[in-house]
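When the chains are written out, they are named A, B, C and D in that same order, and each has its own residue count from 1.
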């Protein structure tokens, strides 16, 4: 499960990107994406992609595994690309490069920054209800993931899931998700009780203070400027 | 001592028409008292706790906490109660351990400098200072318990309510929790209300024991009184701690040697007895 | 007796890089044997079980169940294993009790007439015939355990794996489960593998006890051998059952009276001893 | 893959902006409609149901192909249209953050998935009064997904045709490498209408299988919930 692995990478790494705070890294990612939107030149986009992969390598992150996480985006992009073939292969290539590079720039930030630090930044732009719900989504995702794993194991042991039996599998999946949904609704009512007991009145997304500026924040900022200059000159 | 909790013949009907009653004796907790609630599965322990903390509204009966009705004056009452539920995983809301422990204080608008200080002190007390920046879903069961306990204690509650705090823990972790609870009780004079199925631990933590059975509170007393009352034991389908079983067995075969309150006392008493017989 | 399970120096690395090892002695289960696994929180009990039933693939080590590698021949191996996980809520998935119990049989394509018969018989055995059409979601903890157990037993497994089956149950419910398991073991010769933290129950159910500590299986033996081995107890941070603590205390003050295997035996031995001294 | 997440870099910035604005307006309306609800109840409900939706999307279906579930209609049925749309936005935000869809298209993607939750809710509500709930769920899901796919193709269609001209002029003024851009943009312009048909030809067969699977599973789940906990479904307050 990607989210689990991303969370793990973010909370267990020690690179200079891990140490930088969320805001400059988010600026970094946005700059890359702006560069991607502005440029239509495959060579520049390919250079950006290689640059990001190299950055991942320098950060000692598992490059291939993170690149693999852009799989879905790549597939979507290919569908768009294939349906637009114009004789030249350059435009489809451009589309795929854009999609994958953009996704990678976000993943670099996510695999070096804890979710909740990013949410805490977003909380300053989002309505209270949405920002707090984001935090709740994050926490409950891991609680429910564990339950989903356990339910799946229990069904597997009773042979409700096996490689060749598609219909049995679909039915079992329906059962599993049914149980999961019901438990999720129960969990949500217990969680409201817990929030009430602990005095919650809204606004928890802003409890996490944004970190102060540190020397580590220079790296993503310098890279942002470089990306923007790069697209201005070469893109 | 002041009564801080008083429940008289509580009845609750759940939406699916399940009726739960806790009648019979009154359920009373005094300031600083350590109270354990015993009773079989489904006897209404959790239901009773939910009423005390104002989460459920009684269909019938009288519930007073700090002299107030908890459902009516929820905000005031809950301010002085700390709660640890059965499933601690669900109770940890904050994205990191320190955030979670600080949660109640921040909700109350305590200034952030003070929050930090109090969180630090609390983590020190609980021996979890090293977990500060950890993410809750990477903690072990025992660690999660301690984090939840710290989060409940941070606001210095007058009353601490714990639903099966020992469930699923290994013996050493249980001892640690008992130790922590005793310290907190001694230091802050927080009253404790604990439900459990672990009779062997009761005499280590309880001043007073309540026994729930068949919709009634059928007994109140110190652990020894309760465990030596065959009628209560029988009625509640309960087993006393092992060392008392042993002493009861001895009594039945004609050796009435009195009854110990704890394991250590039991060992001492037996040794004494044997020594006496030797001479 | 045949060995049906054999695990030799298992190592598993979880996706988040947590490393768990179960090395030291081999873990062996013979046909019809009742095996209990002890060890503190996080010592790897659940991990070991997950490997035996083929849900996890070992990073290192040798695992054989019925002479096969469970991950490789999952379908054949699991056919003869019944499993009850720690959290029953996360394994009962049928919309009604009877549907849930029938689940494994239906997945195997057993004709529906036979399914009904076997489900009936099973519910009779477990004493839950009255729950037939109930929705599992609303059952009590003890009832859910029995439903899960029935669902695991329905296919007459040669090996029954239970992860903390006593957790959260009241003493009477625990006794009932022990009773049921003993009957099943006696009747169908199903081997049992049980993890638990309840040392006081071990001697009631175990032929063989394994102790996990620090990544190793540090001991194997019958309950008495294990609980009377101070080195093992110390290393595994474990407490023996209360009656043995008592007898150890007696021995320390000079009364070496031997050691009982169960509570009843303990009471008898003491009575005997006192009687002797009287004369 | 019952629907498509649009990646970054395909759609012109002006449409991205429009996507964000429309999504923002709908969220504003939703917040207004939910303003009287208790935030202590709403936050866990939205948060936890969004988490389930994310889980559904992240677990590959055990049928061998690269399909995953969506659960958007189910979310709509449980949360109702307002909280349901917010949930769709949250899920898209998180998906974008894990590289599962574009960051710049969060607005547009939210409209697409949000339409599934809202229309799924509406269809289910309408059908439920005279059909069994699992049948209602089946039909509601199928049509909500078909509708959202149509919406997505509409978005792709619109955004490919007009903005190309915009892009053209825009770049004409500011860019130095006119030759290359003009060429690419022109060919794109010519092919836009045709490409939509091509696009549909590729998408629809895949999407159709996705609709069927999603409908079947949604129906199974709703049937299950209806037996176990019928009070789960969102009811409009009167």
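One rule holds in what follows: a contact is a pair of C-beta atoms (placed from the backbone, for glycine too) under 8 Å apart; a residue touches a chain by one contact, two chains touch by 3 or more.
What you see is a predicted model; the values in this text were computed from it and never measured.
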Determine which of the two chain pairs, C-D or A-C, is joined by the larger number of C-beta pairs in contact.
A-C
Determine the centre-to-centre distance between subunit B and subunit D, using the mean Cα coordinates as centres, and give it in whole Å.
48
Please report how many Å separate the Cα centroid of subunit A from that of subunit B, as a whole number.
42
Counting only residues that touch at least 2 other chains, which ones in subunit C make the list?
16, 95, 137
Do you know which subunit A residues sit against two or more other chains?
115, 135-136, 138-139, 175, 178-179, 182, 187, 191, 195-196, 200-201
Two or more partner chains touched - positions in subunit D
224, 228-229
So with touch defined the way it is at the top, what topology do the chains form here? Options are line, ring, star, complete, other.
other
Contacting chain pairs - touch in the sense defined above
A-B, A-C, A-D, B-C, C-D
Subunit B residues touching subunit A in their complex are 53, 55, 74-75, 78-79, 81, 83, 85, 87, 89-96, 99, 102-104, 106-108, 112, 135-138, 151
Taking the complex as given, what residues does subunit D use to touch subunit A?
4-10, 13, 27, 31, 34, 38-52, 54-56, 58-59, 61-64, 66, 69, 71, 74, 78, 86-87, 89-90, 93-94, 96-104, 156, 177, 180-181, 184, 187-188, 190-191, 195-196, 198-199, 201-203, 213, 216-217, 219-221, 223-225, 228-229, 232
Contacting residues of subunit D [partner subunit C, same complex]
224, 227-229
Over in the complex, which subunit C residues touch subunit B? Could you list them?
16, 39-42, 86, 138, 140-142, 164, 167-173, 197, 199-200, 237-239, 241-243, 245-246, 249-250, 253, 255, 263-264, 266-268, 270-271, 273-275, 277-278
In their shared complex, at which residues does subunit A touch subunit D?
1-3, 6, 29, 33, 36-37, 40-41, 69-70, 72-73, 75-77, 79-80, 82-88, 90-91, 94-95, 98-99, 101-104, 106-107, 110, 115, 118, 122, 127-130, 132-141, 144-145, 148, 161, 163, 166, 169-171, 173-175, 177-182, 184-185, 187-189, 191-192, 195-196, 200-202
